[in-house]
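What follows is a set of structures to go through.
One chain, chain A, appears in both complexes that follow, with chain B as partner in the first and chain C in the second.
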Partner chain A sequence: MSTYAATSWTLAAMVAAFVLSSWRFKSPELSMVVTALVGALVAGLGFPAHLFVEGTFTFLDLAFIFITACIFMNAYSEVGAMNALVRALVVRLHRRKWLLLMVLALLMLIPGALTGAGVVSVLVVGGLVAAVLRLMGLAEDRVAAFVFMLGILSAVAPPINVWAMLMAAGANMPYVGFDLVLLVPVLIIAAFTVLYLGWGAVPQSKEAILAGLPPLSPKMTWWRAAVPLAVLLALALGAKYAAFTLPTIGFPLMFLICAATTVAIDPVRRPVKRWLEVVNQTVEQVFPLVATMVSVGVLVNILAATGVRGLIAISFVALPIIGIYATSLFVCPLAQGSLGFGSAVILGTPLIFVFNAVGANVTVVAAAFSMLFALGDCLPPSRIVGRTAIETVGYKGSYGSFLKATAVPWLVMGIVALAMLIVPGRAAFLVRY
Partner chain B sequence: MNDRALVGRRVGLLLASLALMVVGTKDIRALRAYRETVVVSEAFTRQAPLSTYFDGIRGTLMDVPVFVFDSGVPGGSVLILGGAHAYEPASPVMAYVVMENITVTQGKVFVIARANMSASTLGMLGNAYPPFFRVKTPWGEKTYRIGDRETNPLEQWPDPFTFVHYPSAQNLAYQDSRNLNRTFPGRPGGNLTERTSFAISELIRREQIDMTIDVHEASMGYPVVSTYVCHQRAEEMCMMAAMILSAEQFPMKTETSPKSLRGLTHREIGDFTESFAVLMETPEPFIDKFVGPMTEALMLTGKDEFMQTAADRGLLYAEYDMKTGATLDYRVGRHLGGAAEVIKQMGEFYPAKKVGVSWPTYAAVMEKGIGAFLHDPAKAAAARVFRH
Partner chain C sequence: MILLQELIHQTYFVLAGLIAVLLVTRLFRRKSRPGLAYDIVYAYAIIPFVLRALHIK
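Now for the complex of A and B:
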């Protein structure tokens, strides 16, 4: 049997297994593991235990980031700092709805822009932003859509865009010249998202909003609320701009330091037992997301081992350019949903070479593809930023209704990215070294 | 489900997970524990740990042996750097074939076969690489590790969210903090990979190495496949070597190291030492992302239907025919021929730096296979057998 026939057969069996197990177990995590198992069996690999175990570690770092960032934010809420910040924003900017929404959008952009991870933006400031948006009259589904869209835009925003960095590294391009060509589209799409999702929202009166918020802890001063966030900002800036002086501590320790800082500024001095409860609740809260990462890692490893990953990749990159234009808006996001940042390596790098061969400005092309990949962070099987967004904002509706609320800004972002891909020369003036 | 049943279920799942971990980590543990064997040639003079040149890596997996083959006759010196990227297996195998067969009549040759030893002790996550590959020899099979591109997180963790290259301050992707070929010239107070780069740079400076040859493999969709990438001080000898190889042996391109691309050996060793910095790339379908099942056979033969489709669509930067593939023999043979020719050119351009050296040729390897040039450790003198 040819490799095409064998891998197509394996792919068909895996799709069938995923559909059936999703119907039977109602759990995407279990379904992914069953799908991997079926794929391995159909491909004649038997039960490759080491590939399953190895796969569980693929996204270990991301799982640590989720857990520690959530511990920090839950501690921050526990001491009343989040409430204090929300109140301060409402008091100062209540009458200027659009200015307030723009400030919230910029707040969302900063953590992801500095770290390259949209999920960090969602976890660190998503809860605060959601609380204010709700009070400004945005419907629940729009609140989740706002947090998600700004989350993925923050990951695309400069200076750190991991997709572009991975494509640049694979294509032997220096990661320079990307700042404006990433920033300008991100700001345009962010502005559209704010206008679209904020349109028609009617804020309650300031008094009603403040009455509806939990009472402000008398000892929660502005500096207490600011210190943990300032520590996070300082650690992030230090890691980038004082990299030769400071040791590399990584995200998980950064968030734990911020959590410890939060405990230190707690005006009420809660007992250790209460903090242990907060940690336990956080782990319960994050567990489904971590389970998803573990399962996706297993599935990705089996896709590679069986050759199905190669089948999908070659089917896409071997298309004529017009075919790549026509399918990028679907294939790139779906690849991101399956492979995470691996999508930039598996599809992105070969595509850079394809576009380079036709004389396109590859910096613009890489920026465009990074936006297309980012769109996949709400798509199965992983749905990382999408799921984190709805969990952070406490959205109770269906995942489908969240996607529906996101659809228009999502499509606008896709169209902007496609336009950059089709006529990269028009955006080349934004490439500044 | 009552509480008792729930506890029972949880205990059952925990035990099943533990059993899976024990069974599933067998290959992973074996990869970390396995040591490759090399039987050095009679030209072998001495070996020293890399920490001889910089103490900051002593006691780590990166403190690899440096093998020296010194003719005792005045001349130039060459460092062959294998295994900077452990997932490019033709690189360490080329270094081993050199070490097992080299004769030196003038000058001296230094060899590091596993420049990033740590990277060779784990598979590449998400890529499902087989842990080992075997080479057939007249006396049996010889087993080698297939590793990762980057230093094992067990040795270096966590990653920064962006890697800031020293000293240029250029931002690189986060995992490049563990990529030996992005951390040159190295930083004595840096992470383990940066310290290893610094140790190698120190070796080059202290031993006054005239030419450093960093041996790699490239995906075929990568423009610099089948190419010498050379620092501008070495570009003329690389161009001459590429012309001669292309005319007489196999297609070889040459490219001058871009000045804006930081951290790579061909840029930083050239800038921060007196050595002529040369990097060689050979075509390796196994590390392309659009190939079929990840198997040992694919690594050894390079035969793949999807790769043929990519070739037919003009997506590759080297000639490819699925019938011949890109075998390990071909890739190792190219490196042996490529290194020999560029060393020869250094002697032509700079007679005082001439290195008289020989090892199996491209033609000999293509005819007999690399197995014919790997020796049986069981029959060799103990002083010539090294495990690493």
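Now for the complex of A and C:
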């Protein structure tokens, strides 16, 4: 049997294993590990324990971020700071619906833009934004779609776009000139998302909204609520713009510092036992995401070891340019869904060389591909930002109904990215060094 | 600066250990997602945190 046929056979066995185990176990995390196990067995690798264990470390940094960001946000909600901020926003901007929605969209863009991870935006401000959106009259599926779309846009927004950084590093090009070529499309798509999802929403009266919110803690003022967020912003900006004078803290420690700040500003002074309960609840709440990260890492490692990852990448990159245009909107998001940021390395970097060979502006091309990859954050097996969004906003509907609500802004983002890919010269004026 | 950086480095190992302890506690005392499938998921999700805390990987 040729290598191509053997690898194709492994791929088919893995797809079948994933479908069957998803149906049998009802756990996407376990299904991914079972799929990896089947892939290794079919490819003749036996049970490569070292590959499995190494795989669990692939996305460990993201798992740390998820856990610590959620601890911070749950602590923030526990002290009533979230409630105070929601109330302050409602009181000040209630009469101006579109302005309020735009402010919320910008608020959601900041954490992801600074960290490069859309899931951070969803975890840090998604709950607050969802609370206000509901009171502004948006339906539940639209609230989840809003939080998801702004989450993935925040990951694309400059200064940190991990996909573009990985592609640039792989193709030996500097990560410069990306700011405007990323920011302008992101703002256009964010504005469209706000208009599309906010259209027809009728806000409740200010009094009704405030009556529907939990009572304000007597000593919880808006400035007290703003302190932990200001600390987070200061630490994130410091890490970005004073990287050579400040020690590298990393986002998990930043979130823990902010959680400690939140405990310090607590006007009620809750006992340590209560905080331990909050941490335990948080770990249980965030566990599916952590398990997904660990399981995806295992799956990606086995995909690489069996050659299936290479088979998928080569099959796509070897297409003629017109074929890449025709399939990018499906292949890139699906690759992101299964490989995470690895998609930028496996597909993105070779594609940069392909487009460079035909004389396209590769900065625009890399920006376009980063948008296409970001679209896959709601697709299986990982569905990482999609799942985080529906869990953060507490959406009770099916995952399919959430995808349906997201479809139009998702497609618009895909069309904008494809347009940049097909005529990169038209967007080249946005590349400023 | 070097000392501070080393302190932060070690803090991450401690953090990994704390998360491992929390996950083990949730494996036995969780209120959501009962059943054998999630017992297995909890069991292997703990592995990287334990190995990191022990400086093995």
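Quick note on the criterion: the second predicted complex is superposed on the first by the 433 of 433 C-alpha atoms of A that agree within 3 Å, B and C clash if a C-alpha of one lies under 4 Å from a C-alpha of the other, contacts with A are read in each partner's own complex, and residues count from 1 in each chain.
The rule is short, and it goes like this: a residue touches a chain if its C-beta (ideal position, glycine included) is under 8 Å from a C-beta of that chain, and two chains touch if they have at least 3 such contacts.
Here the structure is a predicted model, which is why all the values come from computation and not from measurement.
In the superposed pair of complexes, A:Ile67 makes contact with chain C only, with no contact to chain B. Of the two partner chains placed by the overlay, only chain C lies in contact with A:Val290; chain B stays clear of it. Contact with chain B, but none with chain C, is seen for A:Gly342 once the two complexes are overlaid on the shared chain. Contacts of A:Phe192 after superposition: neither chain B nor chain C is touched.
Contact with chain C, but none with chain B, is seen for A:Ser27 once the two complexes are overlaid on the shared chain. With both complexes placed on chain A, chain A has more residues touched by B than by the other of chain B and chain C.
By the document's definition of touching, both partners, chain B and chain C, reach A:Ile249.
Residue contacts after overlaying the shared chain place A:Val279 against chain C, while chain B stays out of touching range. With the contact threshold set out at the top, residues 53-54, 57, 64, 248-250, 252-253 of chain A are in contact with chain B in one structure and with chain C in the other. If you check the complex, the residues on chain A that touch chain C are 25-27, 29-30, 33, 53-54, 56-57, 60, 63-64, 67-68, 247-250, 252-253, 256, 279-280, 283-284, 287-288, 290-291, 294-295. Residues 2-4, 7, 43, 49-55, 57-58, 61, 64, 114-117, 159-160, 162, 165-166, 168-176, 236, 239-240, 243-244, 248-253, 297, 300-302, 304-307, 309-311, 313-314, 317-318, 339, 342, 345-347, 349-350, 353-354, 356-357 of chain A touch chain B in their complex. Interface of chain B with chain A (complex): residues 20-21, 23-28, 123, 125-128, 131, 157-162, 164, 166-167, 169-174, 176-177, 182, 187, 190-191, 221-224, 258, 260-262, 289-294, 304-306, 309-310, 313-315, 317. Within the complex formed with chain A, the residues of chain C that make contact are 1, 4-5, 8, 11-12, 15-16, 19, 22-23, 25-26, 30-33, 37-38, 40-42, 44-45, 47-49, 51-52, 57.
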